[in-house]
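Scrolling down, you'll hit the structures one after another.
Each of the next two complexes has chain A plus one other chain: chain B in the first, chain C in the second.
== the complex of A and B ==
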């Protein structure tokens, strides 16, 4: 059936459009309300959960880490703001801010020795010593989380992975792949020689020397000419176990 | 922690590269700082007044990691102390170095305090008594190096706070305070 043109036809069409719009708005409103309701339920449940397990979250690093994971999955960041119920409930924001400040402190204090690159394990160790009151309660996961929060400062705090180890960088040095490979090689003994780098990585001596020189200039490496074989060794304080005792009285 | 007698050695003493002078300036500055502090600290607690660069000195080598400082490194560390007034070369070839964990003026102050503590404001005391007498036992003056003592005495003499008089031999040189 063909609609005939005319004022009546136009009015009908307009009325139909209005109807559709109204209906659409209604559906959207119902959906939003439902969402809101679900969110409220979820939020109250999460609050209940957090309240119930408050002590676990505070004291047990493994539990804390899982709690964070769960929050991340549903898109909640308990650290996003220090205000609001998470902070009031758990004081969890303060905890990480405190860690963050202490991490910056440690990185600065050890920088002259390690050139601004520190082993995550060593950092945790120093952090625990500093927080004597709750020794052992800070996990690597907590460290990583606190460092993640430091990124907003734009000061170049970053975690880099070298082989299986994680290193925390507190200076804006760009380490390329060559440097990383050398650091990885150095993890075995704490040092490398030019020969070793050439042999193990199949590099030309120019490439090896160039990379090592950069690491020296950045303060990440130190030379050692004292071995009886007369070969220069390049030590890396950031990967050497001995550096864990620097600045710490055992 | 490694020890030299009663002296606790810092961790860097076991890290081989600290025994090689570092080519990069920032790293070397830090290295020098650590060594400077170690040398002063060691000399003060062990009452070492003179370091001979060519002689055995416990801090100059670490048998545990088989490293020792080169002559150049020894001279560099001590030279920085000299620049800061914490040491003095005793000969122009830089073979011997006098370590001043207290500056001479500070030693002079210590002497004045010593005189006051022992009621010697107008008294007489021999050099031997200052260095090894019962009064100085347990004080910083015990066993003080002769050169340093003489220099401190000279400062006080110039200020008119004492007079040094010589006896028939060096053994009975003495001091008359007038504080």
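== the complex of A and C ==
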């Protein structure tokens, strides 16, 4: 197209732009048609897969976790939305969202007891008790994924690792490094004393008392002054071994 | 004779079988018999005794034992012709008898072993030697499932495999060729390698899961393609919104919505841009949610925790639950159609749904009234006191108090009893004359209350 000066040139340029735009739209349309086709093929392949293996996914936690890993590798999130193919055809969405609701329930019910921090093992145990009638086994991996999804709603749902254990946090309180170290220490016997903290972690007494008081404030620790030697013990329900009689109502 | 029935195997001078290209030997069993236990002996299945059985990726070779002088020939059963392998049932009888492995071979009408035969016969391998029967059976399954012969083009049993063209080849490729290294052990490479490791774990418990893993692999490779396409779409979406949008017509809006829908179906979280309204699903959900949330919002005093709504909504739904991402997206879309509530994020990270009528000013004025009461002037208020008055949950009340504090309305007092909030008197104190007390004002009432004789 030869560039012409003046109005004619402008008009030609405008016409050329229009034509390019139309062409671009056409190309885009072809791409979208292609995408539609691909989507349909993918959907039917997923349907086949679902027909054969829907039960496997429901019943077998190892298969489930493998499935998730592969999805993550590919870059899709099967739990992103209930509208997605994955949720629709494999029914995998409902399983995890329901799990999420139950986890929130349990965390709320145990909050007066442990201040909003619960041992992952205990959580799984309570979950299984609650879900006795439901088909399928819930593995730790499932819990972790459900909690991972809940994170998006704020309210501080998160899994933190303290030494060998994993704790699930359900309150927005942030735990800094000092608190984590105390929790680690508490895992041995379920409680710590100020002396112990000072000795084992080589802290000053001010620092130890400060950290313990904060934990107390947040409700994560409980005081026990009734011991024979008169030393104050700080108990941490969240890192204690599984307490069987919490009495969580459904 | 048997020569017509089973295809022959070429032998080298030293009696080793000549393998097909890509064929790899996997297992040896010596002193086995191969026969057919079916009744109608019209099918001329040979009864081969004392053979050396070699399992390869493509065939089951039956070679004469080197000790027997006059070799009646070596034969092979192509794995492609096998339609079923029976699992080994352990019974008391089988403990004393020699282990037997049975499989079903399909035949053409005139008795030749082939992949697409109409008749079938059940053949049996009787292991009379010392071979490990279970391991052999496992390998037999593996090889049969792997269908390594389909990768070599003109092989007999590959008709269905090549129908889908490149898709199927890419899907079956990771599972078939290249997984066996030259010494017969399985090579651990890439995704196929990982799958193999998992498979080996499960083989002893559940053979059907092998099937599942292979299907999963095929599915995932397809999903990968989708993701690549979707990424291109997503780039287009993002770039489309930044370019000149004043010329955007309804048509373009429609395709954008469609694209969002597709991304959602495949499982890719797409951004809600300012112009686009997100997938149709989220728009509908947003309206549904707005209607649903009205009642709990009123009950909770105009403000409710997002996670509580998630539980309430999902419980009400029963099935077809929504994901947390869905909920978040739906809340974000409220501002598009002027819903009477909005999503609010506090500094601590807590997200709540708040009624528009339940504005901050209202809450602050309520708090101010509460905090200027005589008891409050003396002892301050805690979060639970505020919760009672405001009619909201204690956690929400705490958030309100904290935001009132950041507005300069309140002061906090941290003690062993917890945090209590008092009215902020610093604003009333004159900087130049600290002891001046105006006759009216909160400072005066505070002094009156606290220093009453």
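One rule holds in what follows: the second predicted complex is superposed on the first by the 190 of 250 C-alpha atoms of A that agree within 3 Å, B and C clash if a C-alpha of one lies under 4 Å from a C-alpha of the other, contacts with A are read in each partner's own complex, and residues count from 1 in each chain.
The working rule: a residue touches a chain if its C-beta (ideal position, glycine included) is under 8 Å from a C-beta of that chain, and two chains touch if they have at least 3 such contacts.
Keep in mind the model is a prediction, meaning the values are calculated, not measured.
Contact with neither chain B nor chain C is seen for A:20 once the two complexes are overlaid on the shared chain. When the shared chain is aligned, chain B comes close enough to touch A:240, but chain C does not. When both complexes are overlaid on chain A, the residue A:39 reaches chain C alone and has no touch with chain B. In the superposition on chain A, A:157 makes contact with chain C only, not with chain B.
By the touch criterion defined above, A:113 reaches chain B but does not reach chain C.
In the superposition on chain A, the chain among chain B and chain C reaching more residues of chain A is C.
In the superposed model, A:217 makes contact with both chain B and chain C.
Of the two partner chains, chain B is the only one that A:228 touches; chain C does not reach it.
Counting contacts by the rule stated earlier, residues 217 of chain A appear in both its interface with chain B and its interface with chain C.
In the complex of the two chains, the chain A residues touching chain B come out as 112-113, 115, 191, 216-217, 219, 222-228, 233, 235, 237, 240, 242-243, 245-248, 250.
Only residues 191, 198, 202, 208-209, 211-213, 215-220, 222-227, 229-230, 232-233, 236, 255, 258-259, 261-262, 264-269, 279, 281, 305-307, 310-311, 314-315, 319-328, 345, 348-351, 418 of chain C touch chain A when the two sit together in their complex. Chain contact summary for the complex, chain B toward chain A: residues 1, 11-12, 14-20, 22-24, 26-27, 30, 66-68. Those residues of chain A whose C-beta lies close enough to touch chain C in the complex are 28, 31-32, 34-36, 38-39, 41-43, 45-46, 48-49, 52-53, 56, 60, 62-63, 66-67, 70-71, 73-87, 93-94, 96-98, 100-101, 104-105, 149-157, 172, 217.
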